[in-house]
Amino acid sequence: MNAEAPILLTDIVNHHDSVSLADRYERIRSLSLSLVEPLSYEDCQIQSMPDASPIKWHLAHTTWFFEVFILKKYCKDYLSYAPRYDLLFNSHYHGVGPQYDRNLRGVLSRPTVNEILRYREYVDEQMVALLNASPYEVIEQLVLLGLSHEQRHQEAMLMDIKHAFFQNPLYPVYAMSSSASDARQVDMSWTTFEGGLLDIGSIEANALDDEKPRHPYYLRPYRLASRLSTNGEYLRFIQEGGYQLSEYWLSDGWQWLQESGTFAPLYWVKEGDQWFEFTLGGLQPLKLSQPVCHVSYYEAAAFAAWQGKRLPSEQEWEAAVKYRKGPANYFNPSSLQPRTCTSTEFAQVLGDVWEWTTSAYAAYPGFKPFGGDMSEYSAKFMSGKQVMRGGSCLTPPGFVRPTSRSARYPHQRWQMGGIRLAQDAVD
Amino acid sequence: MNAEAPILLTDIVNHHDSVSLADRYERIRSLSLSLVEPLSYEDCQIQSMPDASPIKWHLAHTTWFFEVFILKKYCKDYLSYAPRYDLLFNSHYHGVGPQYDRNLRGVLSRPTVNEILRYREYVDEQMVALLNASPYEVIEQLVLLGLSHEQRHQEAMLMDIKHAFFQNPLYPVYAMSSSASDARQVDMSWTTFEGGLLDIGSIEANALDDEKPRHPYYLRPYRLASRLSTNGEYLRFIQEGGYQLSEYWLSDGWQWLQESGTFAPLYWVKEGDQWFEFTLGGLQPLKLSQPVCHVSYYEAAAFAAWQGKRLPSEQEWEAAVKYRKGPANYFNPSSLQPRTCTSTEFAQVLGDVWEWTTSAYAAYPGFKPFGGDMSEYSAKFMSGKQVMRGGSCLTPPGFVRPTSRSARYPHQRWQMGGIRLAQDAVD
Amino acid sequence: MNAEAPILLTDIVNHHDSVSLADRYERIRSLSLSLVEPLSYEDCQIQSMPDASPIKWHLAHTTWFFEVFILKKYCKDYLSYAPRYDLLFNSHYHGVGPQYDRNLRGVLSRPTVNEILRYREYVDEQMVALLNASPYEVIEQLVLLGLSHEQRHQEAMLMDIKHAFFQNPLYPVYAMSSSASDARQVDMSWTTFEGGLLDIGSIEANALDDEKPRHPYYLRPYRLASRLSTNGEYLRFIQEGGYQLSEYWLSDGWQWLQESGTFAPLYWVKEGDQWFEFTLGGLQPLKLSQPVCHVSYYEAAAFAAWQGKRLPSEQEWEAAVKYRKGPANYFNPSSLQPRTCTSTEFAQVLGDVWEWTTSAYAAYPGFKPFGGDMSEYSAKFMSGKQVMRGGSCLTPPGFVRPTSRSARYPHQRWQMGGIRLAQDAVD
Amino acid sequence: MNAEAPILLTDIVNHHDSVSLADRYERIRSLSLSLVEPLSYEDCQIQSMPDASPIKWHLAHTTWFFEVFILKKYCKDYLSYAPRYDLLFNSHYHGVGPQYDRNLRGVLSRPTVNEILRYREYVDEQMVALLNASPYEVIEQLVLLGLSHEQRHQEAMLMDIKHAFFQNPLYPVYAMSSSASDARQVDMSWTTFEGGLLDIGSIEANALDDEKPRHPYYLRPYRLASRLSTNGEYLRFIQEGGYQLSEYWLSDGWQWLQESGTFAPLYWVKEGDQWFEFTLGGLQPLKLSQPVCHVSYYEAAAFAAWQGKRLPSEQEWEAAVKYRKGPANYFNPSSLQPRTCTSTEFAQVLGDVWEWTTSAYAAYPGFKPFGGDMSEYSAKFMSGKQVMRGGSCLTPPGFVRPTSRSARYPHQRWQMGGIRLAQDAVD
């Protein structure tokens, strides 16, 4: 693609609260463009499975979000860029109109990437003008939600292109990263938490609706693993027959296993006797000390059962993380893989990999969905999914809080889902 | 089938704690035989969908349960009736051997019904001898579990034959019941519950593993509808376009709706302008005052949202019911439909219909699965399902407690699933 | 089932043209009842795949054929036995009304087998009265067609129960047959046919519409194998990797192979190193000298290609067989498997196994479908199928002529389909 | 795409036999490039269904054909351009190696369009050098086959992009064509053919293997419609309920109709009361006088039956066309739709639309497949397909002969398949 002057990602990610909303808008929006720099037009077109979307669709949809929910409502005399885009780039908002079949997004060769980039420019100009020209209190929450939404899609773009490239026997490289050495992993220890009647959920103004309201929740004493489970530990599970031992698997998981023919995490490739992992930097030897990722909930739960342990509930996870300080490993263009843990403390909680929990995604007691158009933002997805916590190394900084909840179907693996073990502190 | 002297169901269902375990065994086992009295050999053979099983398979599988888990282990010199039955009648216990494909159970014409009845006689003789001959403390829990298991299958037999008969354009009648008149329904009122930190779960010795341990759970104040939602109320939902209004539906539910073409509860039949309901007594005009049943979780949740309400959590339901006394409408051969509510009190909680809750089926904090062979009884089913509470008019008396949890996939409708509305008591 | 006095099959099958139409009706109809003698009610209920039907459905459908196409039209004041049966037992005659979903026939437990037997009695009484009371010329062709139709279903009953029993790990036995020894097979030789412009098709009054009109067809000189290919020859194809060598397979066949996971003829079972074949007499060691059967067109064509040969066209087959005399091996209750060939002449052409041809099932030039209700008898099935010729050892005597055409989809295997090799006589 | 100097299509298509093979190679190859001129990179990437392929894949695969079957074998010291392309661009030639899943071709974003264009340049240079440098007799047949193969894919490129664009609600335009007016259609008349024992098939050196050998075939007297059936005639079939009248449909066709929900030819769009047709020139009002096209074999056969007629056999078609002269309407960049017939003679036989025949695609008597690598060119596709004859307005001139046979599955519609009626000349 026609390269523009590259934006320094460090500029984007180290944002300060002192920046204006318009600046924040531009910085976050520009990261989306940076993410497509390494890609060809053709790369931006493809959709490798229904769960994924073409990169160009992400670019257009996130733009449509600002257009339809903000510009059309709050920008006087706003002229729609292309009314026919509404059908194409509405993801699932029945309230504002119909949607094109999501399974077929990859077939829409028009508008082209360049046309979508012009669409972004048009909307961005209008948005910045709106944010600069007027007191924006009335739309501040919506803009912040739109930016959070953009960040969610930034992670999805990386997930989706990784999945698409993996289908290609040429194993294309998205970005060469300074290949981390396969450091020696530290031993896992257990951190004990007292439990009791604790507050779960957020009171922040900018929190999503599904993080609210803050409410009391009773927890028994419990222990969490000090670090994430590693590729090496998971490989032992494979080698000792874990995928053939039904007693460790959920019934649904066992059926999924038989139907899908799964025998290892997504992106693991065995050539001869050696294991490799497909990454955004191409196919690489499996690094045993790195956190295992791209496992389904079924695999995570079976691995935990095989270890004689379990996964944490989302409340156990949140209570453990909420008031801790510590380094986070979020999106950083120089390294797009989770890092080997080098600490013996309770670690690796923010970033690296999303951590599966035993909690089904459901409304908190007293839950009130966003109103208006945004009523479809979270509430209608509250069935059939498990909560994941903590963000990953593909998550843009600033997107995830300790109270943030991500929800995935138990069989999904193209997100960076990993494992932290848990156990009861008393029997 | 060759009718034996009919067993008086009143004898069976009014069991007293004073009866011996052997007597209890015989009474509960004989109910299974009573249930097949109205059926032909052919009726006992058919399997109308993978979720259902042939009636004769239920008769054999519940027998196999006693044979494999009790007789083979605790009866000295026990001679297996037919070793090849192990493959055929093992449902899902990987620990004791392989299983025949459950989707194809309906194709196993052999053993015949009569052969299976002889199998039952053989096992029953041995079981009664075992229970009479010796101190049975060591096996008491297992026998009680086997009887609870038999009762679960007795309800399933009625569910399954109802589903099978519904596929037949001749609409066969299982049992003529004194047709309840379509009584005038009482108004629904709201009962308020205080909430607070309450004990959830059971401490009874005979409780299933998934009801334990009893544990503290914090509830905000809430209100429950005084009675179940009715066919009449649900019909209004249909007539006002509820199945076309995506805003009330969970995303998964909306997709299920499009794919399945559902437009009314299972067993509702529209002929011309009139609605009928298929029942175990044949096709009957829809009785508007009776509780709606055979709805999926998706339909229950959409109906509640359309009412501006929600469904209860399983903890809200249990806390409301646990210490109440009241009439129950469990299995009664003279009436196999839920009854119209005539009370203005908080009512219809035990029996009538299983009540959908917002709670996903998951382990309670501190959960310990049954050990040994029974480790596969509950634990492995803890994903993808919603909890239902309270039992139905097809549930044998003595099977369900206020702490009992039934779990179904959100799309399942052949169980008698109904709706009790809930709301927060404070905003 | 309640055994009536067994009918001697030799009485049925050795019918003479001198018998009256009423006698012929009764003999052929009674064979259907003889065929179900060894079966239980449950056996008669099951449907093991959509291509197959329950035995009791065959009994009812063939009866319905006489009722709807003859009695209702030609019997004055005929009183329909049960009007609701029309929906259930109409196979595919859109012209006379709707049909119940053929995939779900196995779920119709009512009417029961006994009810269907009463239905047969009722219709048979009326039919015999009609045939005895009056000059029947007007209906003679229809009655003969109905009897031919009954015979077609008699073969299907044996095919279907064989398939159903094969799904049962108990491997039930339909009929013990005097187990033929595995005779030494004679060498295959080649018989040459001159070809030229020959007449193909039938001029018989009773021929089906698809056998007509007789028409000229030009054949180049060709050779046919003197006998059918054997299990032993086919086993060598398997052992030398035939199922892994794509070059011998049709493209559709190769895809079918990958999707179905096929690695041997239907009913072949490998236990350890030994091959068995499931038969109507139960599981038996594979007899290498018997004709291979239960192969798909794809397998037959691949085997022929691997031999460097091809299959015959239906015209080549018919021209070779039309004017020959020779023994036939049709249905004979004492032996329900194809026989080992002991002749070195051109042999095994009538009976034993249906022989796959390279000819797609299509209308002959000048084809006129039966008129009226019978327009749906053959014509609408003329796409997607291959012609098979010659009948099998499950075909009732008197059903198949040298001009008879059977049509099956290329993947179908539950009919007794076998292989006769062919080649050009000149290059 | 970066436009190069446009090639005048008239230069390409009016080729003369006097041109050298190298010139012919360059002209035909350059047409492929001309065809992609109107397309974006994204357009070239997409695959709208498994039957179709991405445009860029066509460009690469036709190139790979020359590389693997000619350059690698006949060009001394040939250096493979990119060995990994073999896996990606092998369509179905098992003999030369494995193939990438054809359903997923649209996911291969790499190599990009530009990379594939460089691959074409590389191979073309080598090919031209080979053709110029040496006596090429030894490879002439292979080169001509490769060019015929390229032309087949040129038609497929137009079919595939049309199908892909039709999925896009923006209805992109491939090429504006001088919109033919909806001329008044001439009446259809019937042309009688004598039949007799005629020669079918080709003796030309360059004919494909499936056109050979020439062989005698006996035809009864028959009549063919003087022109193709029109949109207007087909519209009447729709309006008079043709899609609801099972008696006109093949059984497989009727099932296809129910499952696919088809109610009109592919590309017909009804908006309000008006019919439109999607074309390579975009969405246009349906022109009633133009030949109907994009119908399946099932639709063609049902339409013919509804007319009281039938479709022709391929032998009837070939015998009628073989020795006639007349205008042809093959690919012409100025008009990409079939033309309205203005002649009352026997017309529209070459070009316009491929004509469905009743003949299944099968080997001619005495058929010998191409040898070596090319044994997979035709023979393995000889099951399940119907023959189409005559070429279409998307077929490059010079590709189709009167003896040429195209084969499609009966349900396929994205090729330009139309209808010529036939009937017997005598009853």
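Residue numbering begins at 1 within each chain, and the chains themselves are lettered A, B, C and D in the order written.
The rule is simple: a residue touches a chain if its C-beta (ideal position, glycine included) is under 8 Å from a C-beta of that chain, and two chains touch if they have at least 3 such contacts.
Computed from a predicted structure; not experimentally measured.
A straight line joining the Cα centres of chain A and chain D is 46 Å long. We define each chain's centre as the mean of its Cα atoms; on that basis chain A and chain B are separated by 39 Å. Once the centre of each chain is set as its mean CA position, chain B and chain D turn out to be 59 Å apart. Shared interface positions of chain B, defined as residues touching 2 or more other chains, are absent. The touch graph of the protein chains shown is a ring with every node of degree two. By the definition given earlier, chain contacts exist for A-B, A-D, B-C, C-D. Against chain C, the residues of chain B that register as touching in their complex are 40-48, 56, 84, 87-88, 100, 104, 106-113, 164-165, 167-170, 172. The touching residues of chain D, counted against chain C in their complex, run 92, 94-95, 197, 215-220, 246-247, 249-254, 297-298, 301, 310, 313, 358-360, 362-363, 365-366, 375-376, 380-384, 386, 410, 424.
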